[in-house]
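Each of the two complexes below includes chain A, the first together with chain B, the second together with chain C.
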Partner chain A sequence: MTKTLTFKVIMCLLVPLLLSGCLGGGTEINDLEIVVGMGVDKDKDTGKILLTAQIVREGEIGSNSGNGGGQNAKAFWNVTATGDTIFDAIREMTHKTGNRLFVSHNHVVIYGYNIAEEGLQEHIDFFLRSHEMRPTAFILIAECDVSAVLDAKPETEELPAMNIAKLLKSHGYTSHFIEVNLKDFISCLMSPTTSPVAPIVEVTPGEESEDIYISGMAIFKNDKMVGKLNKEETRGLLWVKGKIKSGVLLVPSPGKQGKIALEILEAKTKVTPKMENGKIVMDVNIKVDTSLAEQATIENMTTLPGFEKMQKIQEEVIKHEIMAAFEKSKELKADIFGFGEMLHKKYSSKWNAIKDNWDDIYPDIVLNIDVKAEIKKADLLVKAPVPG
Partner chain B sequence: MTNIEKGRISGPQLLFLVSGFVQGSVMLIDFAVGMAEKQTWMVILAGLLVSIPFVISYAALAKRFPGMNVIQINDIIYGRILGKLLSIYYIFFLFITLSFNIRDVGELYTIFLMPNTPFIFFLAVFTATCAYAVSRGIEVLARISYLFVITGIFVSISTTILLVDKMDFSNFLPLFELPFIRIFQGIHIMVSIPFGETIVFLMIIGYTNKDGNVIKNTLSGLLLGAFSLFIVAVRNTAVLGITQTIWTAPSFQSTRLIDIGTVLTRMDFLVGIAQTVLIFFKCCLFFYALLLAVSEILGLKSYMPLVLPLAGIEVIIAATVFQSPLDHAEITQNAGIIYSLPLMLVIPPLTLLIAKIRRLPESKGGKVT
Partner chain C sequence: MPNADKQDNNNEPLSSSLKKNLETIKSVFNASSDLSVHEFNFGHDRRFKAALVFLSTLADKGEIHKNILQPLMYGTLLLNKDAALDFTNIETIKTNLISTMDCRKISLIKDLTDSLLSGATVLLVDGSGEGLVVESINRKDRNIEEPGTEAVVRGPREGFTENVSVSIALIRRKIKDKDLCVEKFVIGEKSKTEVYIVYLQSIVNPKLIDEIRARLNRIKIDAVLESGYIEQFIEDAPYSIFPTVSNSEKPDKVVAKILEGRVAILADNTPFVLAVPMLFIESFQSSEDYYSRPFLSSIMRFIRFLAYIISTLGPAIYVALTVFHQELIPTQLLISIAEGRNRVPFPAVLEAFLMLFTFDILREAGVRLPKTVGQTVGIVGAIVLGQASVEAGLISPIMVIVVSTTAIASFAVPSQADSGTVLRYIYLFLAAFAGGFGVIMGLLITLVHLSSLRSFGTPYLWPVVPLNLPAMKDVFIRMPLWTLSKRPQAIIWQDYDSNRQSPDLMPSPYNDGNTG
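Presenting the complex of A and B:
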C-alpha cells in the first residue's frame, strides 16, 4: 500500500516537471515580438521587398490614458527590413528587434500598390505556409505607402493594425467594401476564372492625426491588380455575391426635390446561369427588404403610393449599382462575380469547350437582373414633420 | 497450442476497437485528397463499399477459428512452411505500417504543434506510451476504446457544426469531373489505408467472447469509423473548396478558420487532440498485433520481452525511413498501397475459401482452444 502511494506521489511530482515543455523550445513572452500587422512594399531604390511589421509594445498598452505623460508614447513599433523574399526580410528584422517575430496574432497583411500591380503570387506563399500564420488574416491593398498606413495612429484604438481589422469587420454597415482573408483570396486566385478582390486602404489627412479609410476594392486579374471598384460598384458586386448585410440606399425622391435614405434590412440573392444557343445569360434574382430610415424631402413618403414609388426607384438604383460593377469588370475582362465557376458547376460538359477563351466570352454575358424590393417599415414616424 | 493472450473482449468492445482504429486514419485521408480533390467524399463511400466484403471475410475467418490468431490459422491452412512465409509477410506489413504511423505523429507535431522540439523526441515518447499501453494487454485497450471513439466523433461533429457558416456546398460541384484513373487511385488508397488496415484485427477478433457476434460488430465498427472520416472529408471540402489540395493538413486549416464572434477561435487544438488520441490508439493496436504475431512465430510464451526492443526498432525506422513528409506521401500514395494489396484483398478470402473447402477447423484441432 505505502509503496504504491509513494510511487503515486513521486509521479505527481514528476508530471509538472516533465509536462511543462521541452528543452530548447521554451519561449517566454518577453522574448517574443508579437506582430499584429504586416505590410509588404517595394523598396524604391533597390527593388527588393520592404517589409513592415507592427510590433506591440506590451508596456505601453493601456498606459497612455493613465498619467498622460508620454503623448508620443505609441503602443506599437513599426520595424522595417528589406529582403529578397518575405521570410528573408522577416529574419533580417531580428537584426533590429533582437527577438524572433511571433506572427501568430497577425491580423492584417497589407500589400503596397506597386507590388499588387506586379503580382501577389510570389508574396503570398509565406503567409500561408508559415505554421504560425492564420489563414484568417485579412488582406488589403494600400493606395499609398504601406508604412504610412501602419503608422497612422488611430484615435480610439491603440494599434493601427487592430484598427484596420476593426474597420474591415464593420463592412456590414454600408456594404461598400468587404473583408477578404487570405483563404478567400487564394480560393479566387486558384480558380481558373474568378478574379480576386481585396479592399483598398488609404490614409486621409485628418485635423490632428491621419485617418485610415477604406475606399473601395482592388480587382485582380490572376494575381495582378488591374483596376479598382469604387463604393457603388463594390456594392453592385456584393449584391450579386449575396454578401450584402446592411447599408444605406440613397434614392432620389419621386418629386425630384430631395433624397430618401433607405436602410437595407435583408437581402437575398439567387444567381442562375443559363446557356442558350451559345449565349450565356445570368439570371440575378434579388429580394431586398428595406426600411425608410430618413427622408430629406418635403413630400410625405410614408404613404402606400409613396412606398410603391420608392420601391420602383430603389429597384432601379440597385440595378444601376450592379450594372456599374459589371461594366467595370467587362472592361477589365475580370470575372469578379465568379460567373465562370457557376457555369462550370452547372454545365460541366459544355464548360470544357469555353473555358480556354473565357476572357473573350466574359464581356458577352447578358445580365438579367430582377430586383424585388419591399419597404417593410417606416420606423417611428407615420408622417414627415412638415412646416405647417 | 498455447495462447499468449489470455484476455477476452466483448462484442461491443470489438465494435469500438474497429471504429477507433478506422478513425485513427483520419490524417491519412489527406493522401486521397491529393488524388480525388472535391470527390474525396465519394471516394470514401466507394472505398467503404469495396472494403465491406473483405472486412467481412476477415471477421468470418477469425470467427471460424475462435481463440486463434492469423499466425496459427496460417499454419493450419497452409502448412508449416507456406504458413510461416505468409505470416512473415503479415508481420512485415505490420512492422512497416506501424513505423509509418509513428512517423505521422512526429510530422503532425513538428509541423503544426511544436516545431522547435526534435522530431525523434516525439517518436520516442509516443512509442514509449504505446509500449506501456500494449504491455497491459488487449483488455485495457478494449476498455479505453469507448473514450477514444467518442473523442474522435465529438471533435469531427463539433468542428463541423462550428464551421457551418463557412461552408459552401457548391464546392462539391460538378460532381464528376476528374478522370476515372484518379478516382480509382483514390478508392485504392481508401481501400488499402483506413479500411484495409483492419486486417490487424485478424490478430484480435479471435479473442472475442463466444457471444460476441463478431461479423456484425466488426462491420458496425467499420461503418462508424467510416462515418467519422466521411464527415471530416465533407467538412474540409465544403469549407476549403479548391484550396484543400494545397495544405499539408486540410483538417487543421479548416478548423483554423473557425471564428464564432471572435471569441471561439483557434480551435485547431481540438483536431490536434483528436488526431493524437486516435493515432495513438491505432498504433497501439498495430503494435499489439505485431508483438503477438512475432512472439507467436518465435514460439514465445509471452510477448513482454519483445515490447521494448521492437519499440526501439520502430522508433529508429520511423525516424530514418523517409526524408520528408513529401517522401512519405509519395511512397504511401504509390508504393505502399501496392505491396499491402495481396495481404488485404487476396490472402484472407483465399484462406477462408480453403478453410471452407477443407472443412477446417472441425476436422483437425477444432476443439483446441
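Presenting the complex of A and C:
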C-alpha cells in the first residue's frame, strides 16, 4: 500500500466516524428505564396532565414467577408525574426515576375517559412526533382510572401493559373488538369524514387480582369521544370493514329449542358505494364460511335442509349486527365505517358538493346488505350425542 | 581474518594430497567433534591410502560399512593381482567398487562440505584431486500419521511428514502423471532447506510458475524452520490480516489444489505444505464437502459462513444493540437482558472485552498445556470462571452465551481463525464507539480491503467478486460433482485445458431403451 492510499483509507475510516456525531451516544441498559405502557389522565385538582408510565423492574421479573417466593414484589413500577404537556411530564418523571425514560418499547397508550371526552388532539402529538415512540403502540380508552388499569396485576403476565397488548392481539378469536394503533387512529382522526374508534378497557375486581377486560369500542367524533359500541355493534362494524378473522356466531336453532354456535372460518367483504338519484346506497356484500362448532339442542342439524335453515338464520344474525352498528353511528352522526372515504374515491367529482354537509347526509345513507353464509363442516360429530 | 580465509578455502579445488585435504576439512568444520575421519588402505597390496569423511551424527554407519568400506576392503576385484586397476582415479572406484547408486564425483571443497552437511559420506583417495560423495543419510522420521489439525470423518487419514521426500511421494502416489513437475530450491543461508514446488505442467499457468520462482529466489534468510517462513516472504499482502497463502497437512487436499492449477510449495522439516494462489472461499471449503454427498455439504458450508459471521460480529452486534439500538430488541428479550445486567458494574463493551480476553487466555493456555492438564483448564475456565462471574454479578449471563457462541463459532473455520480474532476485537471497538453505524463502517472497509486483495494474480474474493457464475456452483452451495466440470478459471487464466471431466456424467439407472 502506498502512503497516499493508506492516508485515504484512514480518512475514510475517521471522517464518517468523527462527523457522525453519535459517538459515545450509547446508553447502557442499566441506565434505561424501560417503559412498556403509558397512561394519560387529567389531574382533578390542577387540571394538568397526569401521566403514568409503567416501568419494568427487571430485578423482579424472573423471581416472581420462578420460585413464587416474592409474590408481593411487583415486576413494574408505575411512575406518575404532572405537567402541562406530555413531554413536560415525561421529563418531570426523571426527578423520580433518576434515569431517562426509554419509550421505544411502549406498547399501549391509555387515555382517561375525561380526556377522551374533552378531545385527544393536544395529547397525541408527542406520541407520533417522538422518534423513540412506536406508532404501532395500541391506543385504548380507560373506563375507570388510568392508573387503576396500569396497576391491575394480571394472573399470567407480570406486566399489566404487556397483558393489555396481549389481550388486544387476541381480538381475532371473538371479533368483539379490534386493536387500534396510534398510526391508524391518527389517520382516521385526520380524515375529514371518518370517525376513529378505540377499544375501551375496564378493570373488574377479582378475588386476589384484578382482571383487565376489553368491554367495547369508543366512538370519536373528530377527536372527542361521543359514544360506545357494545360487542355486537363492534362486530357489525368489523363485518363492514372486512376485519372479521374468526369468532362465535350464536344462532337460535331452527326448531327454537336451543342455541347453535357457529365458528367463523373466513369472511370476505366487499363494499360498493352507489349514488342513485342523489341517494347514497352502500352495497355491502359479505361471504362467510362457518363451521358447526357446538349445538345445544337435540335436533339433527347435519342435514341439507338443516344446513340451509341455519345459513338463513345466520345471515339474519349478521345483518342484525351490522344494522345495530349502523344505527348507532347514524345516531351519533359518526362515520365509523369510512363510507365517506369510499365515496370520495369513487365519486371524486361529486364529492366536493357533499363533503361540507357530510354529517347531515350520513344518516340518510341506505345500507344494502347481502350476506352469503355457508356452513362448510360439522367437525367430528354428525349427530349430537343425544341420550338413547 | 580467519573467517575470510575459510570462505576462500571453500571455493578451492581439492588437493591431490589426502593429508592436506583432511586438514582443510578439519579446519573448515572447526574440528567439530562429530566430524569423523576414517583413514584406511586398500587395493590388493593395500598400497592406496584413502579416507572416509562423514558427520557421525547424520550418517548411517551401517550403510557406510556395507556399501563403501566392505567393497573397498574385501571386494573380489581387489584380490585379483592381475587386474591391477588404478584406484587413484575416482571414476574407477565409482564404476567398479561402490555398491550404491547415490554417488557422484566432486572436486571442490565447497561441494564436499555441503555433501557432508546433508549426511553424505565422502571418499578421498591419496593422489586424486577428486572425491566421491556417497549418500548415507540416516533419517529418523515420524511415520505417516493422521494430522492433528485437520481431522476428518470421511477421507484419507494420512498426513504429510517432516521428511519432504515422503511428502512428495504422497503427492506422486495420488497423481500418477508425467506432467507432475517437482522443482527444487534451496533456501536459507545456514539451513540450506530444500524447498520444492510441485505443479501439473499441463494445467498450471506458466506465468504463475515464473512468479513463484522469482519470489522464492529473492528470499535470503538464515534459515527456513517452517513453511510459515516462506509464506511470510512470498505473500501478496503482508500487512493484511487475511492470509493469501493457504496451508494444509493433508495430501488429498493439496493434490486437489494442484489439480485445480495451484502450485504446492513444500519445505523440508515441516508437514505443513503451502498452496498458492489462495481464494477466500477456500477457507470455507472442506475436503469432506466433496467426499460426502452434496446435500449435507451445502448445509455445512452455509453453517461455516454463518459461524464466521458470528465469530467476527457476535460480541459487536450484542454491544451495538444493547448500548445503541435497544429499540431493535424484542421487548421480552430486552427485559431479560436488562434483568441479567442488573448488577453488572461494567459497560457492555468492557464486559465483552473481558470475556473475550479470558477466552483467548483459556484457549492459549489449553493449547500449550499437556493434554491431561489442558482439560483442567477447560473445566476451571468454563465452569468455575463462567459460572462464578455470573453469580458474582460481574458478567451478565447473556454475555456468557454471546461469548461462548462466538468462541465455538470461531473453531468452525480454522483457516480464518486468525483474521476472525483480529476482526472480532476491531468490530467490538467500533460497536462500542459508534454502534451499528460503526460496525457497518468496519464491515464496509473490510469488504473494500478484501475486494482489493490478490493472491498471485488471482482476485481473493473470486468467484464472488468479480462474479463468475459457472464457478459459483462451488461457493455457497456445493453442486454435485458431475456438474463441476470446469477447473477454476481465475487460477488457470487460460482456456485450453479448463475441462476436468466430460459434461454429461450425471448418473442414471440402466436404461435399455424399451422402458420409454
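The rule is simple: the second predicted complex is superposed on the first by the 363 of 388 C-alpha atoms of A that agree within 3 Å, B and C clash if a C-alpha of one lies under 4 Å from a C-alpha of the other, contacts with A are read in each partner's own complex, and residues count from 1 in each chain.
The definition used in the following text is that contacts are C-beta pairs under 8 Å (C-beta built on N, C-alpha and C of every residue); 3 or more make two chains touch, one makes a residue touch a chain.
Here the structure is a predicted model, which means the values were calculated and not measured.
K.L.:
One more residue to check, A:183. First (chain B), second (chain C), both or neither?
P.N.:
first
K.L.:
Could you say whether A:40 touches chain B, chain C, both of them, or neither, answering first, second, both or neither?
P.N.:
Neither partner.
K.L.:
Tell me the contact category for A:135 with respect to chain B and chain C: first, second, both or neither.
P.N.:
So A:135 only meets chain B here.
K.L.:
Touch check for A:348: first (chain B), second (chain C), both, or neither?
P.N.:
A:348 sits against chain B, while chain C stays out of touch.
K.L.:
Chain B or chain C: which reaches more residues on chain A?
P.N.:
When the residues of chain A touched by each partner are counted, C comes out ahead.
K.L.:
Output check: A:32 vs chain B and chain C. Expected answer is one of first, second, both, neither. What do you get?
P.N.:
second
K.L.:
So which bits of chain A does chain B touch that chain C touches too?
P.N.:
22, 24-25, 134
K.L.:
Okay, in this complex, where on chain C does chain A touch?
P.N.:
Against chain A, chain C makes touches at 239, 322-324, 326-327, 331, 334-339, 341-342, 344, 347-348, 432-435, 437-438, 441, 445.
K.L.:
For the complex, give me every residue of chain A touching chain C.
P.N.:
1, 9, 12-13, 16-17, 20, 22-30, 32, 34, 36, 56, 58-59, 61-62, 102, 104-105, 107, 132, 134, 162
K.L.:
Touching chain A in the complex: which residues of chain B?
P.N.:
My answer: residues 111-112, 114-117, 121, 170, 173-174, 176-177, 240-243, 246, 253, 256-257, 259, 265-266.
K.L.:
In their complex, what parts of chain A are in touch with chain B?
P.N.:
Within the complex, chain A touches chain B at residues 22, 24-25, 128, 131, 134-136, 183, 186-187, 190-191, 344-346, 348.
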